[in-house]
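In the two complexes that follow, chain A is the common piece, with chain B as its partner first and chain C second.
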Partner chain A sequence: MRKANTHTLYWIGITLVLFPILVVLGIYMRTVQFGQLPATQSWFYPMMTLHGLGMVGVCYAASMACAVDALRRYIEPSGAISWLALAGTVAGVVLLLVSVFLGKFAAGWYFLYPLPMRGNWPAWSTVMFLSAITVLGATWLIWSVDMLRAIARRYSLSEALGWHYLAGRTEPEVPPLVLITTVSLIACVACLVAGVIALALSFADVLGGVRSDALLMKNLTFFFGHVLVNLSMYLGLAVTYEVLPEYAGRPWKANKIVALSWNTVLVVFLAAYFHHLYMDFVQPVVVQYIGQVASYISSIPAAVVTLFGALMLVYRSKMRWNLASILLFVGLAGWAIGGGGAGIDSTILVNMKFHNTLWVPAHFHTYMLMGLMLLVTGYFYHCCQAATELPEKPSFHNLVILLLMVGGYGMLFMFYLSGAASIPRRFAVYPAELAHGAGYAGLGALFAALFLVGLIVFFVEIGKRWIRAFRVAV
Partner chain B sequence: MPTILDATSRPLRIIVSFVVGCGLFFGGVCGASAQGAIDGRILFQQKCSTCHTIGGGDRSGPDLWGSMERHSQDWLIRWITRPDLMIAERDPIAIELLEQFKGFAMENVGLTEADARAVIDHVRAETATTAPASATQAPPGGYPTPPFGGVQLAAWAVFLIFAGAIALVFGWVWLSTRNPQDVDVKRAYAVRRTFFFVVASLLLVVLGATLQDTPYAEADTKADRIVYVAARQFDFVYSLEPIVSTGDLANVLVVKRLELPAGATVEFRGTSLDVNHGFGLYGPTRQLLAQTQAMPGYVNRLRVRLDEPGQYYVFCLEYCATGHHLMQSRLVVK
Partner chain C sequence: MRVIIVGLLATLACCGAELAQAADLQSSLRNEVRLVDRRLPDMPLRLGDGRVVQLSSLWRDTPLLVTFFYQRCTGTCIPSLRLIRDAVQQVGGLGRDYRVLALSFDDVDTVADMRLQADAMELASDPNWFFAVAAGKNVAQITSELDFGYWRDPSTGQYVHESLLVAVDQGRVIRALLGYPIPLSRFRELAWELRGSFVPYYEVPGERLLRCFEFNPRTGGFRPDWGLLLLLAQGVTAIAVALTVFNRPAR
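Entry: the complex of A and B
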């Protein structure tokens, strides 16, 4: 038995509560798009904003919590800052809820300037929303910097980034977890700084009437959003590198290739954010090409090193399959499939026809929902199971996985199909010309409900273990 | 005499002044947004356009094109300011409309009488200058589901093959754990090297093939027609003269029904007068042909050759608040 960390247990609790609620909002949106619940139509966009930002926030915080938990084997994060991270996140969420539920704030999850100041919601809800983002951003910045500090106490920066492997040395041994987390945290600091600048300029507008340049703000916003989402994914992969070997009974160590691959990722994926601005023809043309080249290159380390490595680890191993290891395994598959969808859309030629259609939610839901969320919940289950060692029921667990897979991929299939059929994203209701979008939405809602059933059953399983572990720990 | 209050008074003062400051600030912001002359167009967009259009067909409420001519001014003002009251009083016209709309009642959106007058004037003015909805009504039985084709079909096929391949590989590896055995790491690394070269060359080929055909490369070609497009919450305005700011709208000739010759290369010069919008051009089969962002302060030039004659549709492809999904327009290619 391995006693669970208290902070981790709190994060698990928060995730278990927020995640299903946010999924319900997702089902609600698909239902409205299907043409049902017309009386609640005016809530579509506020709920879309809450769902999007809430999910991205939960994904980031949960994957960060996983990485911090796994890292505790090697380093020691500050106790005070761990509490601050929890308290700050909860405070930010409360502000967000007030702004959306009382103010009907609805500028979308990345609140593209100048929309927050030009919508039909009151100015106070904009201020409240921006304050929520400020609290979350500041909290997470402090959290990231503290983790970097804790890593730096044990490893020098060049070691933590595995540069000694690149130079041909193999000592000291740095676990891939540390290497990938360091890469992610550096990216995180960069992205939060961009976020802070965008926030400050937004505040300057809403409070002081100072206008900002729309193109500059777009670049800042998408740099922030793109990096935040990707680094959350990387944190999920980092813990997979740490935990999957336990189940496979084989080591998965850092070496020259792994170090090279993650250093490439650090440089290349930052430049890939330009793929979000392909349809802004006033961007310099050269950065548009950089966007596509960088997006393509970043798939090489992902496919050749991480995916190949994971498959090699499992191939013909004495794998112990349980909910944790199955979720990690299928989570990797979801990440790969979503990456494929993203790669197709990062081709400028294709982006012309797919940008801001449902193809975009299709691919990012694939790697967030069927990728990262499965990695994270798999890791959480791993922690709770290790702390309690309750008996497991394999056939029942297979049923849970089946529900999640059929429901999840069914819902995604409807997103992709709509995207290929030119249905725009973020339409509360589809106009008569695009009425076929409503049919796909209805089927999507059904599949998502199936996913939710699987999720609730799974959460009962993990919840039982969580309560026990919590009693022991607190 | 030192008291507990003294010891805490400094932080307390800071907190109190912070709270008071916030109160003043919110009060100021809300007050500021309530001032200014009443603009019927803006009120309509903010309060009515979720349920109504003017000439765009029925939504959850009736198309208001011509509706101001159907009712008395007095009835309209009472209806717009207190629809809930009129339904409660069982006003005969209100009840008939309510039945037509299957019991879905119009919301009281909190307008004053002066607001209502401004909105009514706006609807009257729009009715006078736009074509009635019957010209843009959906065919009986609705539109057929459009066929798949072109880039969309190719991308869809590539994606399905890719996702299928991933599923197969994961399934195969999963099954392999049924008979565990040590793997030859050297051989695995050799496979990985081959895999690397395959992936890298594939990406290179696709890059080479697709990077030549981007929308930017055509910047030096000559367009047969130039159309200026100004996007605003929640419609598109066309003109053959430049529109850069709201002020230009009064000075240019606005094209209400845009017709373009078949086979012509048209350059749309798109900008926005408020927030970010997207100019998404859909062809006669209602598949997305081309798009560009419409951004305040910038002009994006989108060139397309409109070969196929017929009805083209424009939808907003960047979220721009409540009326985003209603923001659409049409043009005809002959």
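Entry: the complex of A and C
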């Protein structure tokens, strides 16, 4: 029995509440695209905004919570900052809810300038939305810096980044968790700073009427968005490196190649976001090529090293399969499949066709939903199970996994098919020319509902353990 | 400290004045963009030298700049024509990259008035400048196609009207400049496009805060601007934070 950490339990609770609600919004959007619920069409874009930012926020916060929890074995984060992170995130979510539900703010999750200032929603809801991101951004910035501080108490920068492995030494031993988290946190500081600058310029527009350069804003915004989403995924991988070995009964250690691939990530992935600006002809052409090359270099080595490592870990081991280890394993697979879809889309030649089609939601839902969310929930289950050691029912659990897989991949498949059939993203209702999009949407909604059923059953399983663990911890 | 506050206030005041002006420009800019891609109707024109030509023959070989005026105008028409003439002289390319048509919208103007106007501007012998009148219904058609409004004040006999210059390529509007006076730099940008070089980036009036790139309409050059530095800020900050946080003895 391993007592669960109180902060982690709060984060699990928040995720268990928010995640299914946001999934319901996803199903709602697919239903409207199917042509149903016509009376609620005007809510499509506010709900899309809430779903997008909500999911990205939950993914980031939950994966950060996992990493912090796993890191507690090695370092000691500040208690006060842990509470601040919780409080700030809840406050940000409340502001977001007000902006979307009362103000009908609907500019999409990355609030691309100047849309937030030009929509048909009241200016106060824009201010409220920007404030929500400000609160979240500031909170997460403090959280990240505090984690770096905690890591720095035990490791030097060169150790935390595994540079001694690069130099051929193996001592001191640094867990991949520490290495990958350090890389992610440094990137996190960069992306949140970009977010802060974009927010400041947005506020200057809403409140002071000072116009900004749209190209500059787009660069800042996508640096922020791309890096935030990617580093969340890296945090999910980091905890997988830590936990999967417990089930395999073998260590999964850092070495020269692991260190090399993650240092490459740190250097290169900050330039990969240029793939979001392929259609911006004003951007100098050389930057477009940098974007494509950086997208490849930042994803392929780390993916190959991680997947190869994971397969080697599991191959011929006495693997103990339960909900946690299965979720972590299929989460890795989802991350790789989605990464493949993303790689295709980051190729300029393909992007010319796929830009802003549903191919984009297809690939990012693959690694976020069937990748990161499964890693995170797998880790959460791992914590709750370790804290309670309730008996597990393997056949029942396999059914849960089956529901999640069939529902999740079915829904994704509909996204991919729509994308390949040139259905654009962000259309609430499909006009006659895109009528074939509606059928995919309907099937997508059905599959997503199946996923939701699996999720609810799973949450009942983890919920029982969470309540027990919570009683013991608090 | 006080110096800084006074400085800040002064800057703010300047910004305010500039913003008000920028707002005007912004709205005219929006109206300009609306005109892009409109197609002009063809029509017979009677030129100052007595020839009768089709409008389409004027844009067959080079793009055509079209502006409206009337000869008796005591307001902006004549100064605006002079401004265009001077800008054309400074920017160059007349005849090779474009030609210019000044079309009267006043039905009392005659061919003789057109010749007078060309003479007065010392453009009568320039083969690339055209002063023309057209039939009333054709004038009504082309001005309404370009949303060009004019209204005759019966007490003075003068027209209340806007100032418009459109660049037309094969009958299609590729750019429009609204308002008087036209800034020379905007005219230069227009000239680059008429020359066939695509201008991907130019200053939108009032949006001068931190741009990524700068297009120099004099040289046609394209260079990075200060805003681009902002994109380095996040990386530099992250490195600085990492170095600061880790700058202590380990363990």
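Everything that follows uses one rule, which is that the second predicted complex is superposed on the first by the 473 of 474 C-alpha atoms of A that agree within 3 Å, B and C clash if a C-alpha of one lies under 4 Å from a C-alpha of the other, contacts with A are read in each partner's own complex, and residues count from 1 in each chain.
Just so it is clear, a contact is a pair of C-beta atoms (placed from the backbone, for glycine too) under 8 Å apart; a residue touches a chain by one contact, two chains touch by 3 or more.
What you are looking at is a predicted structure, and each value in this text was computed from that prediction instead of being measured.
A.B. asks: Once the two structures are overlaid on chain A, check if chain B and chain C clash or fit side by side.
C.D. replies: clash
A.B. asks: Of the partners chain B and chain C, which touch A:Ser422 in the superposed model: first, second, both, neither?
C.D. replies: A:Ser422 sits against chain B, while chain C stays out of touch.
A.B. asks: May I ask you to decide whether A:Val193 touches chain B, chain C, both, or neither, giving the answer as first, second, both or neither?
C.D. replies: Only chain C; A:Val193 stays clear of chain B.
A.B. asks: Touching A:Val229, do we find chain B (first), chain C (second), both, or neither?
C.D. replies: The answer is neither, since A:Val229 touches no partner chain.
A.B. asks: Using the touch criterion from the header, give the chain among chain B and chain C with more contacted residues in chain A.
C.D. replies: Residues of chain A touched, chain B against chain C: more for B.
A.B. asks: Name the contact category of A:Phe281: first (chain B only), second (chain C only), both, or neither.
C.D. replies: So A:Phe281 meets both chain B and chain C here.
A.B. asks: Between chain B (first) and chain C (second), which, if any, makes contact with A:Ala473: first, second, both or neither?
C.D. replies: After superposition on chain A, A:Ala473 lies in contact with neither partner.
A.B. asks: After superposition on the shared chain, which partner residues are touched by A:Gly108: those of chain B (first), chain C (second), both, or neither?
C.D. replies: Only chain B is touched by A:Gly108; chain C is not.
A.B. asks: Answer with first, second, both or neither: which of chain B and chain C does A:Leu215 touch in the superposed model?
C.D. replies: both
A.B. asks: Can you check which stretch of chain B gets into chain C in the overlay, out of 95-103, 239-247 or 311-319?
C.D. replies: That would be 239-247, the one stretch with clashes.
A.B. asks: Pick out the shared contact residues on chain A: the ones touching chain B in one complex and chain C in the other.
C.D. replies: 213, 215, 281-282
A.B. asks: Of all residues in chain B, which touch chain A in the complex?
C.D. replies: 25-26, 29-30, 32-33, 45-47, 50, 57, 59-60, 104, 138, 142-143, 145-146, 148, 150-153, 155-156, 158-159, 162-163, 166-167, 169-170, 173-174, 176-177, 179-183, 188, 192, 195-196, 199-200, 203, 206-207, 210-211, 213-216, 219, 233, 274-276, 278, 280, 282, 286-293, 295-302, 313, 315-322, 324-326, 328
A.B. asks: Can you tell me which positions in chain C touch chain A when the two form their complex?
C.D. replies: For chain C paired with chain A, touching residues are 15, 19, 22, 200-201, 204, 206-207, 209-213, 227-228, 230-231, 233-235, 237-239, 241-243, 245-246, 248, 250-251.
A.B. asks: Per the contact definition, I'd like the list of chain A residues that touch chain B in the complex.
C.D. replies: By the definition above, chain A touches chain B via 38-39, 41-42, 45, 106-108, 112, 114-115, 118-120, 122-124, 127, 206-207, 213-215, 218, 279-282, 285, 288-289, 292-293, 296-297, 299-300, 303-304, 308, 311-312, 314-319, 321, 329-330, 332-333, 336-337, 340-341, 344, 347-350, 352-357, 416-417, 420-422, 424-436.
A.B. asks: For a test of understanding, state which residues of chain A touch chain C in their complex under the given definition.
C.D. replies: Interface residues on chain A, with respect to chain C: 145, 148-149, 152-157, 159-160, 186-187, 189-191, 193-194, 197, 201, 204, 209-213, 215-216, 219-220, 223, 270, 281-282, 284.
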